[in-house]
Amino acid sequence: MPYDHTAPGAEHYLPVLEEIAAEVAAKPGRGRSADYIPALACVDPDRFGMAVADLDGGVCGVGEWRTPFSTQSITKVFALALVLAHEGTGLWEHVGREPSGNPFNSLVQLEYEHGIPRNPFINAGALVVTDRLQTLTGDASADLLAFLQAESGNPELGFDLEVAASEAAHGDRNAALAHFIASYGHIRQPIPPLLDHYFRQCSIEMNCADLALAIGFLARHGVRADGSRLLSRSEAKQVNAVMMTCGTYDAAGDFAYRVGLPGKSGVGGGIVAVVPGRCTVCVWSPGLDERGNSVAGVAALDRFTTLTGLSVF
Amino acid sequence: MPYDHTAPGAEHYLPVLEEIAAEVAAKPGRGRSADYIPALACVDPDRFGMAVADLDGGVCGVGEWRTPFSTQSITKVFALALVLAHEGTGLWEHVGREPSGNPFNSLVQLEYEHGIPRNPFINAGALVVTDRLQTLTGDASADLLAFLQAESGNPELGFDLEVAASEAAHGDRNAALAHFIASYGHIRQPIPPLLDHYFRQCSIEMNCADLALAIGFLARHGVRADGSRLLSRSEAKQVNAVMMTCGTYDAAGDFAYRVGLPGKSGVGGGIVAVVPGRCTVCVWSPGLDERGNSVAGVAALDRFTTLTGLSVF
Amino acid sequence: MPYDHTAPGAEHYLPVLEEIAAEVAAKPGRGRSADYIPALACVDPDRFGMAVADLDGGVCGVGEWRTPFSTQSITKVFALALVLAHEGTGLWEHVGREPSGNPFNSLVQLEYEHGIPRNPFINAGALVVTDRLQTLTGDASADLLAFLQAESGNPELGFDLEVAASEAAHGDRNAALAHFIASYGHIRQPIPPLLDHYFRQCSIEMNCADLALAIGFLARHGVRADGSRLLSRSEAKQVNAVMMTCGTYDAAGDFAYRVGLPGKSGVGGGIVAVVPGRCTVCVWSPGLDERGNSVAGVAALDRFTTLTGLSVF
Amino acid sequence: MPYDHTAPGAEHYLPVLEEIAAEVAAKPGRGRSADYIPALACVDPDRFGMAVADLDGGVCGVGEWRTPFSTQSITKVFALALVLAHEGTGLWEHVGREPSGNPFNSLVQLEYEHGIPRNPFINAGALVVTDRLQTLTGDASADLLAFLQAESGNPELGFDLEVAASEAAHGDRNAALAHFIASYGHIRQPIPPLLDHYFRQCSIEMNCADLALAIGFLARHGVRADGSRLLSRSEAKQVNAVMMTCGTYDAAGDFAYRVGLPGKSGVGGGIVAVVPGRCTVCVWSPGLDERGNSVAGVAALDRFTTLTGLSVF
């Protein structure tokens, strides 16, 4: 049964969301919007929205929780889940699952580790995941978009081709990563179309409600919105674990320390987080810290787990 | 009220522990004992023990769960907790809390990051923690030992001075780390006695029951065995988070992926793990993988969370 | 006045060349041919030729000194000289002149140093040089070939398009380097045609006599074979200096220590060396050491400077 | 026959030295004195002296060519020569002879290369050389001082114990290097006294005339001032080659490019350079560039080789 964004059931989270929104509003001016993509750079860094979804598709939110934003790296967790659903553990021959201890687009570690990216959430690893998804489905970005539409219940989700083109125009670094990994045999698709899929994937626009709903399968231990199973319970645990240790660039330790939930961030300013067996959260605020995570977003999630006691620890 | 190792209350875990012990026994010969300390190298890598403690001090176990072994790096989590209890967040000016992405005794990252160790569980960071503890208490290793005796309820715990001397005799690498950090001002105590405290701390002998009980304060959200509070709920969450992202050397991602619990390992072959609000586990088997974690220990914890569903994810 | 390979004037070097050839012949089986290009891998590693040219175009040789081989990285020194002749010191804004301390195709240092390659003789730096030459001349590889034809007096020199295609087919690593440098703005030409020029440049076939003659302008302090000036005396000194400190991959220190001459090697097994104001030498033997230099080639040059006393030191 | 600093024979270099001194005086304010040793930090960075010595012990100079200054790393070349004289090539099992491509006191490369320092002139390598000299002579710093007194003909040379103490007080970084190398077995002497010898060695005070005379054995292809042989011709060539590729920290490529002579610098602001078979030069000016070489010193040597044409290239 499809559900819509106004489905009831999560309203009991509203008071805490409103308290957080008030706190965030009282401290503007934190962080800077991502500056390497013109289409992202012009977004006001102080915008803010936050939504919580329960396990049954109920969702509520505060601020600009219905405003679409660029999901960017948040899509990496969905791509990972789809590849695991298709081929199980075969993926791990081509990408690791350890935190990197380095900036998200570093080539250094990749060289020392023979072209096997540290994890699926650094750019290098996400390129490997997209390469696998392309091999498995023949149209990686379309397959991902269809999954997000289904899980969010929002058939209007789409690519922002202007953002994708903007990233492609500044894509030398990702091209370097892809060629480098290919030189070790861990990417097999032709690189120019692979990069197209990758940039389209990152350009998908969603709002906080869409994302909180879409990530629900990880709170439901692998079960999709329609009740079918995408991942085994063990696989869902594994994806949550990879988010916990690798989901917020080179700040995963700090995110775990402050928030205590599996989460995945993007340079568009969004962050999704999962409370296994309970609910999911998505927050958006474009102002980023120097490691690429939303300043107000991390602060809001920190407050959320403190106020609700919902940390996994 | 002090409790002893035979306190009832955790017996319902016995069947699963016995199942795991049988599985482990069926697959001997995995891993090698740590070879850089003669006193550890001669231990049979196939020995095995495992214990679970509940929140009230009940404990049960299988195999050699009452056999003392060298705790080594496991003590780093207790030292961290004591420093946080003493001075709160001041510690974080001198050590980070991000996974390292490098071997446990690497100097490379330390140089790139201006002498601030990545986290308190790599050797470099643990030296900073011991330096702080020494400054705060005047006798870091004695203070730590007293804490472990109190929490485990075992007053006979002590240093293995032969192991400590053996480590000191091969201590050039740790001396290099300490001098290097001191050159950036993040270690302040004189280095030779600091190293003595560090090596003594690592040499403490405990068994699985001792350790499962001693780590109980992290499952009780900061409350000690005697009911007094060591850490705030938030601080306990933070220590668990640091264990999750940094507790098993350069295999924290894999440990989270497979086990899904905060844990801390040592090259003596022990691992402790925490199920917040539920129980603690300690497993010991000296055969190590190439990253320094007990092969049978990780496998046993992997089976434990699979069989009990007790992962935090 | 054009000269040919049989011009007299260098015959007094023949006895020492013959002594060296005899020594080399007595010790076969050293080194392995480059294995990453099929067209190079099938060459017998024990083949050997050596030639000396004097300042006036006289040349003599031993062994297979008239057998063409793949010049590979040796062409980098000619490309450097042409760019310096065209634009003087402007090049040094985009490439350094320090030895790298790393393998020839490493990306690590490039990342730490913001996309400015360490020197013009590692692959990354040579790509920058080719990018400049392409910008300055509009046809980098044709311009280079014409120069080599003129200086060697051999109008039949040409590209080996099979070798160029073979390198292009395994060119992901060089593509990664080029995209990476471009991401920092130090390469400006479109990358696919730039790589074509680069691979063609490396594929030029020459023999020992051709190369000894062609490098003569560096022994003549910048003066070409026809008496015109390519480089100022100071610029010629500079190119020799870059060869001395960076000309033999990550073995420049050892080459200076043993041979004591500015030199440039290629993975085809060739090495050219310059005795400023006196003569030039080229040696060829395809068996390489682990750092990519000809084993018999370095040994032959070591003996040459020992027997003649012609080291610059 | 001992010689003194006023021995005639080098006066024909005076006009060029005076021209250089005038040029340097016209451009004050370049560079900063070394700031990590208080005793060096207070020296006026614009002081300047320069001396040339011929092969027979004649010496002339300009500016403060008779003012003693702290030789620092310049002594590393003499220590290397003494160890080679004692034990030949055995040293090279414990230290390499490749340029490092890294700052002079880096631990990074040392870790990747298993504790074997890249060359004898970075601090790590010099510690290995001092360790060998201490093993071979029993009193490394006294042996070195005696050699410098003999070659310079100046019996009053001595250690500056205040400078040595100052370095020891800030010696954590060098202690880290020494312990780190010892952990790989490439340093064998006890580390505290080894560091004392190292710091005393660096503290020796000499003036430009002393140093130009003392380094004469490298211009005389291995022959000492008294006509006895310290090194074979081949060994002298090798030491010159190591100076050329590694003698000026991470600027050896630039020094070769600009000056074109084997040279060795120190953070006291001195640089010695060798014109094999012709003469030696020493220049002193305390203002350093960001890589630790004297700004006016490199400029003066650049002008010297340009004006005299004495570059080895």
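The chains carry the letters A, B, C and D, assigned in the order they are written, with residues numbered from 1 in each.
Convention: contacts are C-beta pairs under 8 Å (C-beta built on N, C-alpha and C of every residue); 3 or more make two chains touch, one makes a residue touch a chain.
No experiment lies behind these values; they were computed from the predicted model shown.
**Q** Which neighbours do chain A and chain B have in common?
**A** Common neighbours, chain A/chain B: none found.
**Q** Find the chain most remote from chain C, comparing centres computed as mean CA coordinates.
**A** Checked the centroid distances; the maximum from chain C is B.
**Q** Can you work out the whole-Å distance between the CA centroids of chain B and chain D?
**A** Here the centre of chain D sits 49 Å away from the centre of chain B.
**Q** Can you give the whole-Å distance between the Cα centres of chain C and chain D?
**A** A distance of 32 Å separates the two centres.
**Q** Between chain B and chain C, what is the gap in Å from one C-alpha centre to the other?
**A** Taking the average C-alpha coordinate of chain B and of chain C, the gap between them is 56 Å.
**Q** Among the chains present, which pairs are found to touch?
**A** So, checking each combination of chains, I get A-B, A-C, B-D, C-D as the touching pairs.
**Q** Under the stated contact criterion, what part of chain B meets chain A in this complex?
**A** 96-102, 109, 118-119, 233-234, 236-238, 240-242, 244-246, 250-254, 256-258, 260, 262, 276, 306, 309, 311-313
**Q** What residues of chain A sit close enough to touch chain C in their complex?
**A** So the residues of chain A touching chain C come out as 106-108, 110-112, 170, 172-173, 175-180, 182-183.
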